[in-house]
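Labels for the chains are A, B, C and D, by order of writing; each one numbers its residues from 1.
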Amino acid sequence: MELEDQEKIIETIQAKFEGEILRTEMLYDFLTITLKQEKIIEVITHLYHHPDTKFQYLTTLFAVHYPDQNQIGMVYQLHNLVTNLRIRLKIYLPIENPTVPTLTGLFAAANWMERETYDFFGVLFEGHPNLKRILNVEDMIIFPLRKEYPLEDQVREDKNDLMFGR
Amino acid sequence: MEVKQPATDQFYQPREKQYTYLNLGPTHPATHGIFQNVLKMDGEIIVEATPTIGYIHRAFEKLAERRPFYQITPITDRMNYCSAPINNFGWHMTVEKLLGVEIPKRVQYLRVIIMELARITDHLVCNAVIGVDTGALTGFVYMFQQRELVYEIYEEICGARLTSNIGRIGGFEREWSPKTWEKIHRFLKEFPLVLKEFEDLLNRNRIFMDRTIGCGGITAERALNYSFSGVNLRAAGVDYDVRVAKPYSSYEDFEFVIPVGKNGDVYDRFMVRQEEMWQSLSIIRQAIEKMPEGPFHAKVPDFYLPPKEEVYNNMEALIYHFKIVMGETDIPKGEVYHCVEGGNGELGFYLISDGGRTPFRLHMRRPCFIYYQAYPEMIKGSMLSDAILTMSSMNVIAGELDA
Amino acid sequence: MEEINPLNQYIPIGLMFIVAVGFVATTMLVTHLLGPKRNTQIKLQAFESGIPSIGNARIPFNIKYFLIAILFVLFDVEVIFMYPWAVNFEELGTTGFIEMVLFISTLLIGYFYIKKKGALTWED
Amino acid sequence: MEATTASGIKLGTKPEGVEGPGFFATSLEKVVGMARKNSIWPLPFATSCCGIEFMATMGAHYDLARFGSERLSFSPRQADLLMVMGTIAKKMGPVLRQVYEQMAEPRWVLSVGACASSGGIFDTYSVLQGIDRIIPVDVYVPGCPPRPEQIIDGVMKIQKLVETESLRRRDSDEYKALLNKYGIA
């Protein structure tokens, strides 16, 4: 991913969204742009339609929980199949009410990706057609992939300290 | 003159249309996996399908945050268990990219051979299952026999048949035994005959073509919008293949053709998978011819158990041995995404490590999970038997669907 | 050579009938007596791949399914009449042949009537 | 100890099976047991990787049909043996329980693989840690996934159980207590 491709992408974003970009860095051959939280969907739609960039393939969309800064990071990875360029957009949401507008209007693939992110992290996607848990049991109250919840199954009683000789 | 309605009319009030609800549920023999669809049907035609998945959700991503790096390999090969080695090597390459390790050419070629063998077994099972769903049961029994030969090759290399846990971060555990090469050559000699026979059985078969052409199709635009990847996208007409778009493990040294379909229906997917099996066979032959000499493992001491005699008489090897076994090897901080062309599509690993001994966050881009969303749209208006055929042609593996 | 009772040519058929019915009766009886029974409420429910069934099955379905079934029965009975004719084809000679052609043609008219009325069209 | 009648005649030791069920050449139980043993209809409750290994077991190389269970029955109505293969998540628990309850007596359960027997390597919040928490299991097959020979060994152990089971075990009260422990009617 040569320099001028990066410049071009950053300019297309700067042109329309002045102060949006917080940081851009090259992480192992992947251009990562960290943006403010508010206008993420407009930026993606802009990159989707703009003739220079045309990122029309959503590779993946997921969240990361940062307990120390008590934030939830959202990562969008886009891919332009024609010019074979990939970029990664990151935003950080406060953990109290992590809400972000939905992307299902632009990409039909985002439907289940967002449901899975809601299921794991509790990120609320405004305007999502049917935001329900997809992988876990419907009546589960906790968001399991947050760091404060244990991995093990709490019902199990035989894997206690006695078994490990503690 | 007002026409008097016949007396019976008041009995016949037009009632709103009633539909039957059929449960293509988790324990259904035709679903070849554990996902459930409530089908709203009008007679035989499917009006609407609401899928429910998550019946074997095993929390891979949470589990990966608790295990040291080389212990995550056994999780990855339980994701797409029809082609387990591709997941393993995809994971190993992600960690190697994070560490910045330079992999010797010989290891890359050995990995290409194993990945192509795994791709053959994945496509082989899927095409045989398409045969079963259209009624050609014998094809499945013969094709599955070939899968046993590939199981034996895996056993020679890594001891396990299905969930292979093959290789290490940086290469292979030991050099391949001559028996392995003998079995690979035997497979290369026997498999093309059976594949040719299977092809003649189904390719130009009148019944098969009538059943599969035009059934469960999807256009290229909708496929791209649903982020399809792999065989289902190529069958729809888009020639996107990670091995060519972003070559890894020296795939650029081999010439192979990417088969591309036209209208993305079951027949195109079947033909793309058949052609890809022939291409994989030719890649394996090229890899065997051009196999370079060299070590079977990169210089990554803190991930590769040193040989026993070194452990006994040299302190450093002993420390490495101890740290590996106790899982205390730390990984530098970093955030990396690496994708591999799996059996079903672009299989990506997004690894965030905070310098500890276990990953801070590991997200797996699972192609099955992403393209199975389009299933209700693909079967709307088709018959029930076509819906089952579409599901088996998409090769949805439940392990990868709900990781 | 005493008189052979004409009825006893039916003995083998009777025996075969008894054996058939006997086999069915004994298996039903033995399994009923030997097999343990546990009729619980859940066991009597409909099995829909493990999920409690949704909606009810008694709704009006499309008429074409019923039409196809009845027409099949009709033409199947016609074929049954052809068997005895086909077996002793020579003895019946031309008269038998003409009678059968008449029989088949009357049903053929019925077939064309159905074709015209479109009872056999499947994709509406 | 020699049994003696009132008039002092010593009775010889009785041959095995002269009273009770053994009066004929063999007992009815043995005949029924042998018949059931070689005609088990398995219900392959295959969820994940063990299911693919079961396909290899049914394939031509390791052929489970040699043991009389050629015909798989996917509906619990005609199934004798419930082969639970693969991980059972908590979302799948009620489904497994309903399938087990709708199976006709006499029924046996074979739990194939570490995930079905004890949750295996997936000790996570969403996996049922062993199916014996919700249904009684007869034979456990270790392995992840077990080799086809191990699955066949499990089926042979089930056949031994089927052969030696008495006809009245399903009505005996210790079997009823076992079912009540699981809350099965």
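Structural remarks
Here, a contact is a pair of C-beta atoms (placed from the backbone, for glycine too) under 8 Å apart; a residue touches a chain by one contact, two chains touch by 3 or more.
Since the structure is predicted, the reported quantities are computational estimates derived from the model, not experimental observations.
In this structure, the chain pairs A-B and B-C differ in their number of contacting C-beta pairs, and the larger number is found at A-B. For the pair chain A and chain B, the distance between mean C-alpha positions equals 24 Å. Taking each chain's centre as the mean of its C-alpha atoms, chain A lies 48 Å from chain D. Taking each chain's centre as the mean of its C-alpha atoms, chain C lies 39 Å from chain D. Touching of two or more other chains is recorded for residues 25-28, 54, 57, 59, 62-63, 402 of chain B.
Residue numbers of chain D whose C-beta contacts span two or more other chains: 91, 95, 99, 124-127. Taken residue by residue, chain A touches two or more other chains at 135-137, 144, 151, whereas all remaining positions touch fewer. If touching chains are joined by edges, the resulting network of the protein chains shown has some other shape, matching none of path, cycle, star or complete graph.
By the document's touch criterion, interfaces exist between A-B, A-D, B-C, B-D, C-D.
By the touch rule above, chain B contacts chain D in their complex via residues 25-29, 34, 54-59, 62-63, 74-75, 78, 81-82, 125, 141, 144-145, 147-148, 151, 161-163, 398-399, 402. Contact residues on chain C toward chain B in their complex (touch as defined above): 48-51, 53-55, 57, 59-62, 65. In the complex of the two chains, the chain C residues touching chain D come out as 34-38, 40-43, 45, 47, 49-51. Note for the complex: chain D touches chain C at residues 28, 32, 75-77, 94-96, 98-99, 101-102, 104-106, 167-168, 170-171, 185.
Every residue of chain A that touches chain D in the complex is listed here, in rising order: 135-137, 144, 149-156, 159.
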